[in-house]
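Structure provided below as C-alpha cells; questions to follow.
Labels run A, B, C and D following the written order; every chain starts at residue 1.
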C-alpha cells in the first residue's frame, strides 16, 4: 500500500508521499506476480517519438533533473524515499529490474529464476541465480557472487538499519556456488521475493566488510556501485552530479553527466524548468496552476504522467456521524468534485468513482457517475434523522454532525479543497473543521492508529501492480483491531471480505475481473472512501531527450537514466 | 521659618509633558493613529463589506484589484481579499497583543525576581535567559512549533515563549539599578518588605522601559506570526492571518502578485506603526527628560 | 587576558549545556518522529519501523538519550543523521559555507551602509536626510524579510530579469561573476535589517559621543570639525558597534534561514528547516548547538575585540 | 539695577572684554534667555573669579566666549573683545585658530573631558601640532616638558597612558598641560576643582596659581565656591539668574558686599576656623536675598544627653570582595570600613569626615545594615542591630533613618510626596490611614513645607525642598538617630545653609542625634558636637569638634584642614604645595591583614591613631 500525499508543498516541508511515490511490488500477499504484471497497464507511446534516434557512440551531454526534495540517503539498503531511489537505480544494479510493462528484466543475473528454468526449486525453498561475469564495480574490482551474498546477509545483520527485511528474513543458508553463481534456501516459499529483489540493490563487499559501523560508512557518503553512472560530486543542499560509467555492463550510458538539482520550492523549480536551468521536472512535478502555460512552452514536453493513486476523503468509520452510510452518501452528493478538479486543480486530473486506476484491467467503468446534488444530500440527512439546529448545523440525538478533516500542513491545494468542502458541506448542515498537521506528525500514529476523523489523502489500493485491495479494505487489515494492513478507515463489510478472499486465491483473471468490478460497486455504494480523482502529476522534460520512459512499476521516472541521450 | 512654596506647576505636569513630548514626535503620532485606524478597520470593516472572508466563489477567482466589487481583488478561491485582510488583521493583531501580554508577564516575573533577589536564584534565572537567547529566534520558533498543533492560542504561547527574554533582561537590569537607588534604600530602612519594595518602589519606576518593550514586543510578535506562517508552521486555514495569506500567495506571485503585496504591506504598516510608537514612547518617557 | 578567556569559556560551556538541555527537551517532546517519513513507504512494514526505532534508540527514556548524546558530544561526536547516516558535523560544515558567504556579504554591506548613514544622520541631526534615514530604518526593521525577498524576486527577477531568482550559481557555471550575480539578491535582503540596526545604533552612539565633554575639549583646543569627527568621535562611536556586531549573529542566522528559503540558497538555514520537518533530531540538535556556539563565539569575540579597542577595559579581570 | 562695570581698578586696556553678552537657548518654539547682558573684563595677568550658584549663567557666559555653544541651540549677542579683536566677528576658522592657542580652557569634569581612546600624550601633542605646527617628534619632546611643568612625574611613561588609568587630579593636570601647550594669554577655568577632593583641589589651585605667575597669563575662574574665590582671585564678579550682581576687588566684595544677594550668599558660607571659640553647633544667619537684612539667629541649646550613649559602634568592619578568574578566585578586597568604633549620644551630632573612598558612607550604611557588615557590633539603645534577624531588623531599623546625598533619587518619582511620607507610617503601623493624613501635614509643616503640597510629585520641588521632604519622611518613624549621608553636599550654598538650619532646629526641638557624613570640613565645623576623621576605612582621629579642629594631631587631619580654602581673602592660606600626592586606594591583596592600631589620647574625648613613617 502506499499513500500519495500529492502535490508536493513548497520548500522544506516534506510531504511523505510526494507525487510519484509509486507503489512498487507489494508485500505480504504472495502469489505469482510476474505472470500478471505484463497485462497491468498499457502505456501511451510518448517516449517512443524519438525512438528512431540513435544513441551516441560515446557518452555525451548532461541532463539536469529538477527535484523538489533533496536526495540524502545513498546506501541502497538503508531507509530512503523516492528521490533517493534515483541514486540507487542509477548507481547500483539489482539482479533484475521491473520494466514499465511490469515484466522483470535480468540485470546482474543472466536470467530471472523461475520454476520453469529451474532457478526456483523445491516448491520455492531453493533459489539459484546465475550472474553475469562481465560486471565490475566503479572502482574496477570485479563483481562476484560474494557481493550478492554479502548484500543479502547485510540486510539481516543485527544492528544494521536496513530499510526492510520483508522476504529477506526468510533467507536461510546462502551458498556461493561459484564466482558467478549463488544459491540460497528459504525457510518458507514466498513468491513476492522475486519482485522484492528487483528493488534490492547490490553493494560492494570489498568496501563495506571492514567497516566497524555499517550504519555509518564512507561508502554511505560516496556510494560505489555497478550501475550506469558513477558518483561524482555533491554540493549538499544544492545538487548531486553523477558521471557516466564507461565500463557499464549493460547498454549505455549515453550521457556524460546527470545532475540531480535540488530546488525546494515547486514554483521556483518550474521557473527554472522554464528558463532551462533544469532539463526536467519529475516526482513532485509542475504545479497544476502552471499546466496550461507549461504545455505551450516551446521545446518542452509536458505531460500528465500515469499514477495509480487516488485522491480521496478518507472518513474514520468509528466516528459517530461518519459511521452512518447516509451521512457519507450525503457528503458525497454535496461535494462539488468537478469544481475542485477544474478550479483548484486546473482540470488536470480526471474525476473517478473507483479506487482502482482506470488503466487497470480490473477497473470498472460502469460505476454510477457522481452528481453534485445538495438537495439530495439534504434529503438523505433529513431522512436519516439529522435535524438542523441553531445556525443551520445538523445533529442527531445530541450528536452534532461535525467532524475534522486533516492533511499535511502547507499543502496549499489540499488546503483549498478543505476550505471548499467546508463551504459545500456547511450548506447541507455539516460542520467541517480543519485540523492539519506537519507530515512528521500526521503520518505517524495519528494515521496508522486511526486517530483522525477524516483525512484528505492520496493513496492507492493495490498490492504492488496487482489490483488486489485486501490490504486496504479487508476487515482483517485494521491495525487498531489487531490487523496488519492499512484499513485505517476501519471498514468492515462481509460481502467485500468474501470477495477479496476469493480474488486472492484465484489465478483466473476473468473471474478476478468480475470480483473486483463487484467490489468497486460495493465501495461506490458504501463509500468507505470518498474518491475525488485519479492522480495526475504533471511532469516535463526538454525536447530532444530520448529514452525517458515513465514506469509505474518504479517509484520515480528517472529509473533508467542509463538509456537516455540527447537526440539531434 | 517661612514656609517654602512648592514651585507652582500643575500636578499633571509629568503626564502632560509626556503627552506633549509624545505628540511632538510626528512619527509616533502617525504610528498611534495608524494602529488605531487599523484596529478599528479590522473590528468594524468586516461588517461593512458585502463579502465574508470565507465565502468561496470559484467563478471569481483571481479577480484583479479594483475590478468590480472586489476592491483588493480575490484569491485562488474567489474570496474577497479585503475581507480576508481585515479578518486576518483581527487574528494577527490579537496574536500580537496576546503574545505581548504573556511574554510581558513571564519577563516581568523573571526579571523582577532575578533582579531583586539576585544571588544564586538570580544567576540561575538569568543564565536560563542567556541560554534561550543563544538560539536564533526563528530556529527556536520552528523547533517549538514542532511541539504544538498550530492553533491561535498555541501560536500565541509559542511567540511568547520565544520573546520574553528581552523583557526579562530589561526588567532585571532596571530592578538591579532601582534596588540600589536611594528611595528604595529609604523604604528599606523604614521597614518595607520585599514585595512592597518590588511592587511599590521598583515596578512603577520601571514602567517606561517596560511600556516601550511591550510596544516593540507587539511589533515583533506580529512579525513572528508572519514568519512561522510563511514557513508553514503557523495558523491553519480557513482562519486567515496576514502570515498565512502571504504563505498561500507565494505560488501566485507571478500570476496574482496583489495576493502577496497586500498582506505584506499590511504587516509592514502595522509593524512599522508599532515600532514608531515604541520609539516615540521611548523618547517621551525618557526619565532623563523628567529632571531639570 | 588568559583568565578572562578562561572564565568566558567556562561561562560559555555552562550556557551550552543549558542550551542543549532546552533544545533536547523541546525536540524530543514533540509529537511525530524521524520514522514518519518512511511510515507510508510501501516497501517497509510496521515491523521494519519498530526495528529501526529500536536501532536508533528512539524508544529509550529521554534522560538516557540525552545523557548518551551529551557524553558523545563531549568526545566530539555529534552523532549521525537519521536521514542519511552521515556525521552531523560533516553535514553542518558542508552547508556552512553557503550560509557564511551570505552572512558575511550581508554584514559587510550592512556595516558600510549602516555606519555611513548613522554617522551622517547624527552629524546632520534633524535634517531631511536624517528623517528619511530614520523612517527608512524603521520600515526596514518592520518588513518581513521573506516578503521583501519575494518583492525583490518579483521586481528584479520576474519583472526586470536582472537577477536570478535563486540558487548559489548556475549549474555548469561556477564562475566568480556568476556567484556574485546570484549573491546580490539574497545578501541585499539579508542586509536590510542589519543595515537598519547598524544605522540606528551608529546614529545614537555618534550622538552620544558628540555630546561628550571630550569633544568639547577637542573643540576648545581648536581641532577642526573634520578631525573632531574622524579623530575624536568616530573611534569612540564605533566602540559599541563591536558589541552590536557580536549580538547581531542570532538575528543574522534567523534572517539567513528565511532568506535561504526564499532564494533557494543551499545553506544551514534550509538544512535546519528540512531537518525539523523530518525530525532528524541529531542534525537539528547539531545546528542548534552549532548556532549557539556561533552566537557565543560572536559575543566572546566582540568582547575581546572591545577590550583590545577600548583602553578603558582592564584586561586583567 | 546694573552694577558698574568695567571695574575701575582694572587696567585701562583689558585683555578680554565682554560687553553686554546675552545668551538664549532654544526652548520648544521660542528662545529662553539665560544670560542677560553680562559685561565683564579681565586684565593681562589678572585672575578674575566669576562666581554664582547653579543656574546663574556663569558657565554659559564662559562657554560663549570661545563660541563653544552649539549655534543651532544657542543664540548670542553682544561683543567679546580679546586683544582688541571682536571675537563675535571672527569666522569659524579664525575662531578655531584662537581656541587652545591664545585662549585656553579647562573644564569641571576631568573624568570625562579627556578622550578615552587617545593617549594622554597624543591629546596634548595635538594642540602643539595644530597651533604651533610642530612635527611629531618635536611635539613629543615638548609634551614631555609640559608633563614636567604640571608636575607629573615619569613623563615618558605617562605619555603613552590612556586617561582611564589616571586619577581625577592627574587628569586635571593633563588638561592644564593641554591648555598651557601654546602659552595662552588667557585661561578660562570652568569649575576646574569642583569634582576633586579637597586635598587634590588645593594642589590644583596651587598649580594654577604658580603657572599663572610663571607665564603671566590671565585666568577667568568660574566657580560656585566662595572659599576658592577668596583663595585665588584678584577680582570677583558675582552672577545671579543670568545677570551680574556685583563686581569688584575680591577683598572688597568679601569685606563689604554692596548687594543683598552677595551678602546673603556670603553669610551662608561657613568659614573654617570661625567656630574656634564655640562649643556648640551654630545656625547660619539668615539674610533676606533682596534687602540683605539679617534675621537674628537663636543660639542652639545644648541637646546632648550625656548619661549613656545612644549608639555604640564597636569593631565595625565591612569589606567588599573582588573576584576574578575562572572560579571567581578572590583577587582582592576593598577594606571599606575597618575596625571602626565610635559612640553617639542622644541629641548629639557626630560627623564622619574624609575624602572620597575613605569609607564614611559605607560606615553609615553598615550601621543600618543596608550594607551587611562583616564584623563588629552596632548597639542602638541597647539592641545589637547586627544580631537581629530580618524581621527584627525591619522593626528596629526605624529607630535609625537615613537621608541621602542626591535629592533627586531619594524620592520615588512615581509617588506623591505625601504618599512617600505616609508609607513609613503605614508600614510600621504608627497610624491608621485617617490619622496618618494629619501626621503627614504636620511633618511637612515641621520641615517648613506647605502641607497642601502633599499631593505633588517630587519633580515639582527644588533640590532643597526635596531634601526637606526626605527629612520629613525620615522623621515620620520618630527615629532616635538620623544618618545624614552627604545630605547637603549637592545643594547650593544658600539652600545648604537653610537645610542645615532645619536640621539643627529639629535637633533642638526633638533631640534627635545625627551621624553627619560629609567631606566638607567647613560645614562639619558648623554642625557637629564631635568629629571623626576617616582615612582608608579607618578612623584616624576622633574627638570633640573643638579639639579636632583646634588641635589636630594626626597628619591626615592636618593636611585635610590646611587644604580647605577659607572664604576670607585676608586669610589666604594656599601654600605652594606642589606635591602631587594622591589619595590611596583601600583595595588590598586578599592576604592583607589590617595592622593592629594603637590610639593615643590627646586630651579628654580626643584620640588619634598612631601613625607610621609614611606620614612623615
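Criterion: a residue touches a chain if its C-beta (ideal position, glycine included) is under 8 Å from a C-beta of that chain, and two chains touch if they have at least 3 such contacts.
On a predicted model such as this, the values are computed, not experimentally measured, just so you know.
Engineer: Return the chain pair with more inter-chain C-beta contacts, choosing between C-D and A-B.
Structural biologist: Higher C-beta contact count between the two pairs: C-D.
Engineer: By C-alpha centroid distance to the whole-protein centroid, which chain wins?
Structural biologist: C
Engineer: Where the centres are mean C-alpha positions, what is the separation of chain B from chain D, in Å?
Structural biologist: Comparing mean C-alpha positions, chain D is 46 Å from chain B.
Engineer: How big is the gap, in whole Å, between where the Cα atoms of chain B centre and where those of chain C centre?
Structural biologist: Distance between chain centres, rounded to whole Å: 23 Å.
Engineer: For chain B, what residues touch not just one other chain but two or more?
Structural biologist: Residues 146, 231, 250, 253.
Engineer: Hey, what residues on chain A touch two or more of the other chains?
Structural biologist: Within chain A, the residues that touch at least two other chains are 12-13, 265, 437-438, 440-441.
Engineer: Name the residues of chain D that each touch 2 or more other chains.
Structural biologist: None at all.
Engineer: Which residues of chain C touch chain D in the complex?
Structural biologist: These residues of chain C touch chain D: 3, 6-7, 10, 212-214, 216-224, 231-232, 235-236, 239, 309-312, 316-317.
Engineer: Which chain D residues qualify as touching chain C in the complex?
Structural biologist: Contact set of chain D toward chain C: 66, 68, 96-101, 104-105, 107, 109, 112-118, 126-127, 130-131, 162, 164, 175, 178-179, 181, 324-326.
Engineer: Touching chain B in the complex: which residues of chain C?
Structural biologist: Against chain B, chain C makes touches at 14-16, 18-19, 22-23, 26-27, 29-32, 134-135, 138-139, 141-147, 150-151, 153-154, 158, 249-254, 257-258, 261, 272-273, 276, 279, 284, 287-288, 291-292, 295-296.
Engineer: Which chain A residues qualify as touching chain C in the complex?
Structural biologist: Checking each residue of chain A against chain C gives 1-3, 5, 11-14, 16-17, 21, 23-24, 26-28, 62, 64, 70, 72-75, 78-79, 81, 159, 161-166, 196, 199, 215-216, 220-221, 235-239, 259, 261-265, 268, 271-272, 277, 437-444, 447-448, 464, 479, 484.
Engineer: Can you tell me which positions in chain D touch chain B when the two form their complex?
Structural biologist: Checking each residue of chain D against chain B gives 365, 368, 370, 394-395, 397-398, 400-402, 404-406, 408-415, 420, 423-424, 427-428, 445, 448-450, 453, 455-457, 459-462, 464-465, 468, 470, 473-474, 476-477, 501-502, 505.
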